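The structure that follows is given in the form of structure tokens.
Labels run A, B, C, D, E and F following the written order; every chain starts at residue 1.
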Amino acid sequence: MSDSLLGLVIVLPLLGSAVSLGAGLIRNHAGWWVAAAILAVEAALTARLAYAIYVGGDRLVHILGGETFGRKEITVDGGTTNFTVGIELVGDALSGLVVVLIAAVALGVLAYSRHAGPRGNIFYAVYLIMTGGLMGVALTGDLFNLFVFLEIVGLATYALVSTGRGVESAVASLKYLVVGTTGASIYLIGVGYVFLETGALNMVDVSRSLAGEPPWFDGALYSEPLVVAGFGFIAVGLATKSAIFPLHTWQPDAYSEAPDAVTVYISALASTSSAYAFARITWMVFTPDFFAVNRRLLEAVLVLACVSVVVGSALAAMQRRVKRVFAYSSVAQFGLIFAAICIAVHPAAGERATQFAVYGTAVHLVGHAVIKSGLFAAAGSLASGEGARKLEEYAGLASRRPFVAGSMAVLGLSLVGVPPSVGFVGKWYIGVGAVNAELWAVVAVIFASTVLSLLYTAQLLEKLYFSSDIETHPMESVVADGGEALSYGMAGVGVTAAILAVSLGFLGADLASLLDPVWQAVAESAPEVTA
Amino acid sequence: MIEAYANRYTYVLVAALVAIGLYILIASQNLVKKIIGLSIFQTGIFLFFITAAFVEGGSSPVIDGEGLYASPLPQVIVLTAIVVGVALTAVALALIVRIYSEYGTLDEETLREVRADE
Amino acid sequence: MTEVVADPRPLLAVLSSAIAIVFIIASHSRPNVREGWSVLAALTKFGIIVSMLPGVLDGTRYEWSMGPIVGGGNGGIEFALQADPLGMIFATLASLLWIFTAFYAAGYMRGLDEHSQTRFFAAFAASLSAAVGVAFAKNLLTIFVFYELLSVATYPLVAHNEDPEARAAGRKYLAYTFFGGGVLVLGGTALVFVLAGTTTFGETGQALANADPALAKAAFALLATGFGVKAGLMPLHSWLPDAMVAPTPVSGLLHAVAVVKSGVFGIARLVLEVYGPGAMSQFGLGLPLAAVAAFTLTAASVIALRQDRLKRRLAYSTVSQLSYIVLGLALVGPAVSNGDGLRFVIWGALLHIPAHAFMKLTLFFCAGFIHVETHTDYISEMDGIGKRMPLTMAAFAVAAAGMAGIPLVAGFVSKWFLLLGSVQAGQSIFAVILLISGVLNIAYFWPIVYGAFFESHDSADAKPLISGPFGGRASEDAVATDGGSHAEGGEGQGGETEAHDDGHHDHHGGPGPGGWERVGWTGQEGSWLMLGPILVIAAGALVLGIVPYETGFLELIEVVAEEVMG
Amino acid sequence: MSAVTPFIADVFLGAAALFMVLAIALTYRAIKGPTTQDRVLAVNVLGTNTVVVLALLAAALGETSLLDIALIYALLNFLMAVAISKFTVERGGVL
Amino acid sequence: MSDAEGERGLSAYTESQIIMTTVRLVAPFSLTYGLFLMFHSADSSGGGFQGGAIAGATVLMIAFAFGIGPTRDWVKNQTLVVMTAGGVAMFALIGLIPMLFGDAFLAHPVFKTELGIKTKYALEGVEILGIAPIVAGIVTGLFFVIASGFTAEEEEVATDD
Amino acid sequence: MISAFGAVLFVFILVTALAAAVLRDILAVIIISGAYSLGMALFYAFLLAPDVAMTEAAIGAGVTTLLLLLTVTRTVRQDHNRAIERPNVPALLVCGGFLIVLLMTVAEFPVVGDPAIAWDNPAITQYYIDNAYKDTGVKNAVTAVLAGYRGFDTFGEAMVVFLAGMAALLVLKRGVFTNE
């Protein structure tokens, strides 16, 4: 029974969006309630799913369309092999984590947008579709289906970003659309190349075909130029979607022009889902054996990721508007995640290095989502409560908004990697993984990223706590832009994110132990995570 | 060399269309033209899939009895991708309408100047 | 002979002041209650730690573990605290001195009625809990956790004044400590974890010994530099003098006792337990560290000579005194072959931690008290201040004597052991350096004491080394050789007070027109809230100097030495 | 597989190729066309030309479904021509 | 440039007899042809998308001929919403029914084994009841939304009313 | 080998694509893009993909061109002095590089329409052709795969279309498609 959960978790929000639109005919403000109800049920389903995966310890496979459209046996000149003709949804140790994250953040942002965010049924219909799309990206086991869900997430993000107040948000959204679609199309070229060579779309079948298992292939296909070019295109496509350095230009505008509730949502999940997709494809489909043959290709991606860490932090330190600071910091943090993904499959990495790199990727992926959504929630609360959007306007705010400033300080420090936080645990795992793999240049960048992220966080803390606010807020704290006072829901999201970041910091070991089946599969270059 | 490219002419066309689409996307000033460039870029990729499905001397995938048929799978992929491409074009045009109503221009240069002095 | 006992007390010691923060913030509107909470927390913390002292002395280790905070490897790394002798030295020292500092701080903050005192006392309590955490950490990862928390907790104290100068000092402080901690110590810990599979103190020595020498040396270099930043080793020391912009209780307890000592304590853990004397000598790690320490020793003393602000001079003296400890620890490597040479070196180094703490804290408290009562910060204005503040200057004299190594005060005992140890270890060059720096100590402390008591404002002779670029005053008028007071000398003298080399602008300190008015020895010179702690700690320095063993510190150090050599 | 003999199929394909050459000439007019009306006409003729080519292809390859496409083009081509022409006449009085 | 005077439709629309008569002639054919494509996807090429698109194009054709104002009033927003939301709901329902019988999402063969409906009809049901109304509704809806353009004072219409 | 019709079609599409790149007047470009989609539909038909050709025809001629025209109707027509756009050299270099990369990989592709090695992996494609009718009772294999085997893709696709409508409403800040 539990594998049908996979299907339900995706279909429910998509169906919910139709209900939300329909509800619009009856009552105009039903949107938020419909979304809240649907996402509450969604959270329950996700909890049940996570229970089945992690406690039950089994790898859930949901073949869409039942047996007739599922796995087929075929014997060709003696060798029998099985392959799937339909699409599979896969719920294993890796996707379980992301699914739980999506359900949690989706509910959290609802609390935020109750007071501050855009309203209207259409907004919540698109919000629900995006949640469904994210669940699809997390659970799908098919390369082309992943493209369709990436497009759903992308399109929903362009729409949500454009709900910003001024026309600036439309310009940012258009820029994001053009770059995002080009990225997705390049990913599609990559899938086409791999499809032309292997003939399969299902991730497990492609992985097996690349390894040359089916009898009609003579030997592994890792050195085929088509497959190598295919990985190159897939990597570029997904890097564009996660805003890695040279292809990140769309992110700062999109994050800073979107309304605060939307920024909290997409900063936590949009880039995270494409980074997760890249991890799954690199680990499960192309497996370390592919990179043993094409070492230079992997090192190119690694260099790209490390450059992204350094440049992202440097750019973040130069920004004046707070949301742009955090947007550029996302570029740096995803550079770190992509570096960890590459370390896991690096030919020089032994089993221990793969273990730590896999731990690091997963923990930092989840940790960064929690930290970044908390930071944007806090920034949004200060913006609507105090009308402070630029760094200078943050002077002395701590005394007026102790809780929000407090949560921003804690989250900023956990972004830097101060120990008891989830930021530290992620960075520790990635660091130890890199040391094990003896990639000293990468080690240097990873540990230097502490000081690099300190560049912009220290500015923030200093402005919040230690600059007197007499010269910037002479008058008493009149709410700057008309009546949009700060509600408990908005401040609550920031504070809960801070508490979560610290408590996850202490649970670093248990969080990582959930990933054991994943790194064992990666170490043995297995096509699937046998839970 | 030429002969190798000759009997792979569709793939050459795919490469040409993708390159032209990208060029329009990057070089054109007019926003609507960028969107057209984007759709040319995508149709180039679709042609790649359709040629992969084509079988010389076969017939279209409406199966009636034995025979050589073009492969249905890539065609389904292209069907879905075309609809996704149209959806993106429609949303992009909606965005352009909104930008035009505010700034009164579709030209990226003037748009940048107007936004710069804001 | 050591058996490990699971016991919540180390955790309670760390958390006692952390819990106090909540109460401090809660009672922000009633200052007396708030200060009461600080003192109560200090007393409970000290009580808990001392209750563990007898047990630790006869070999039991109180341990508390939260289970693995980070997975991987064999069972991952635990977030664990352990009260072992080395940890007890630092913890007892920090908590004992915090009791008096709590009183002193209350007096200081009220004296200058500083702003946002709640934040000050809350951050103070937080940094103390982090300092005790550093003391009781069981493995490299836990010490790193508290090392970083210490940086975060002390940042609000450094940047307390909220003026551009304080902000710049805070920024510099964060940059140095996070670079030291976040990058170097974390890198070193990761390397040690990879090489040895575990980071628990005492268990990694053997694995590191037979690990690949290049990586082992790299790990040592990373960890030593990382801890060296906070221990004020020369190239990375410049955050310490700038942090003097903070209120004096902060400079006193934190920058002389808690923060810098955590750096030196980290090096002690590194040298004695992560690597151990065997690995140290095998890779020849002792000598380079000793060389850096020796250089810092002398250079800091020379710079201290030329500082006119009292607190900056004391800061540079701290930098040099810390290098005594680092030098002692570094000599563990070369001294490993010679039995009692090793013992003396360890005794000297570890005893200098409490010794320097007591003495330097007295000096800083005196500086603070002078600032509160008379708003003078510059030594050149302190001639004849002994009349105005006799008791303070007496305590100052005692502590200064100790720093110079004069017998009967704490500094002498540890310096003596260091000298003996380095001679027996065959490294007599370092013994010579120690003596030179002893002389330099006298050179920069004695003029203050002499000026305070035996000179009056108008007849003090020129301070030779204060403003000339290379020492010596280049003033045009003849120096009054006979010390007698004659007219133009006074004006000349007066003139000098304005031409300070660091040109402090709104300089309203210094004696009144008629010089310092005479105050009796019976303590009318200022509020007892500040004078009391000064006298008690000065007495502590004396007690430590006379009977180091009975105070328990030397006893602990002997247990540590036996363990290391055993 | 195709209803006609191979020779007839080649003839139809040849005819289709010729019509495509006409199509290229039409695109020249569509590109060059000084006024928009020239472009409208060019596209209209191009549409009908496509219907013819599709019919020829259907016959040559024996694919009946190609005729459906020809039918679609017959209908929609009119719509495209109407849209462009209305646009040019009154400058925006299109709808 | 003539922009939207008062009512949201565009400016004075000039009647053109030729286009109106042609459209009156062609529209029924193209609509039936669209429906044919929807219903006939099993045996010949065609399907929900193509049929829906042509049905949408027919409405566009009518709008071009008779002007956007009257067509806008003729096409009620309610019908469009019912078509699109209904289409999505139907598609999801057809997919969910097999899950009631314990099989997977979109497991069409279950209709044959459990309810006796041939799988072919389930497939066509998905195409006709699911995809075609969505595509037709959205194509028409998009046309009207983009034609009406963006007017600043509508700012609060969608989001905050 | 390349057939006559294929070659001419190749030239036609290339010409329309280049024209779209070169022309400056936006209305001309829209008209040329209509012609381009005509050519693509023809090519799909020629490559035995009638369903795809039908979709391209219906959507290309029926929807996209009209929406493009609608967007352009509201904008003012600057009278361009030059019909041809200035070539943008850096973009040319980037796209030229991309073209060369793609052309290098073209040599690796199987020959167009080569049935023998058209598929290294005969399993999946052959399966659809042999069993589509058995499993779904639908003769048109494309519909069988579209709505049957890969029904979830089509569900995603229907959601994308639905989402496009919602997004347009959200972008233009409208509550409804047409006024009630």
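Quick note on the criterion: a residue touches a chain if its C-beta (ideal position, glycine included) is under 8 Å from a C-beta of that chain, and two chains touch if they have at least 3 such contacts.
Only a predicted model underlies this, so the values are computations on that prediction, with no experimental measurement involved.
Closest to the protein's overall CA centre, chain by chain, comes A.
If each chain is reduced to the centroid of its CA atoms, chain B and chain F end up 5 Å from each other.
With each centre defined as the average position of its C-alpha atoms, the distance from chain B to chain D rounds to 20 Å. Chain B and chain E have CA centres that are 24 Å apart. Of all residues in chain B, those that touch two or more other chains are 18, 22, 35, 57-60, 62, 68, 73, 77, 79-80, 83-84, 87-88, 90-91, 93-98, 101-102. In chain A, the residues touching two or more other chains are 11, 14, 17-18, 21, 24, 28, 64-65, 68-69, 120, 122-123, 144, 148, 151, 155, 158-159, 162-163, 170, 173, 196.
Shown for chain D are the residues that touch two or more other chains, namely 61, 63, 65, 68, 72, 76, 79, 83, 91-92, 94-95.
Chain pairs that touch one another are A-B, A-C, A-E, A-F, B-D, B-E, B-F, D-E, D-F, E-F.
Residues of chain A touching chain B in their complex: 144, 147-148, 151, 155, 158-159, 162, 167-168, 170-171, 173-174, 177-178, 181-182, 185, 188-189, 192, 195-196, 201. Residues of chain E touching chain A in their complex: 78, 81-82, 84-86, 88-89, 92, 95-96, 98-99, 102-110, 158-161. On the chain B side of its complex with chain D, the touching residues are 57-60, 62, 67-68. The part of chain E that touches chain D in the complex is made up of residues 1-2, 9-14, 16, 19, 22-23, 26, 29-30, 33, 37, 44-46, 50, 54, 57, 60-61, 63-65, 67-68, 147. Residue ranges on chain D touching chain E, taken from their complex, read 64-65, 68, 71-72, 75-76, 78-79, 82-83, 86, 89-95.
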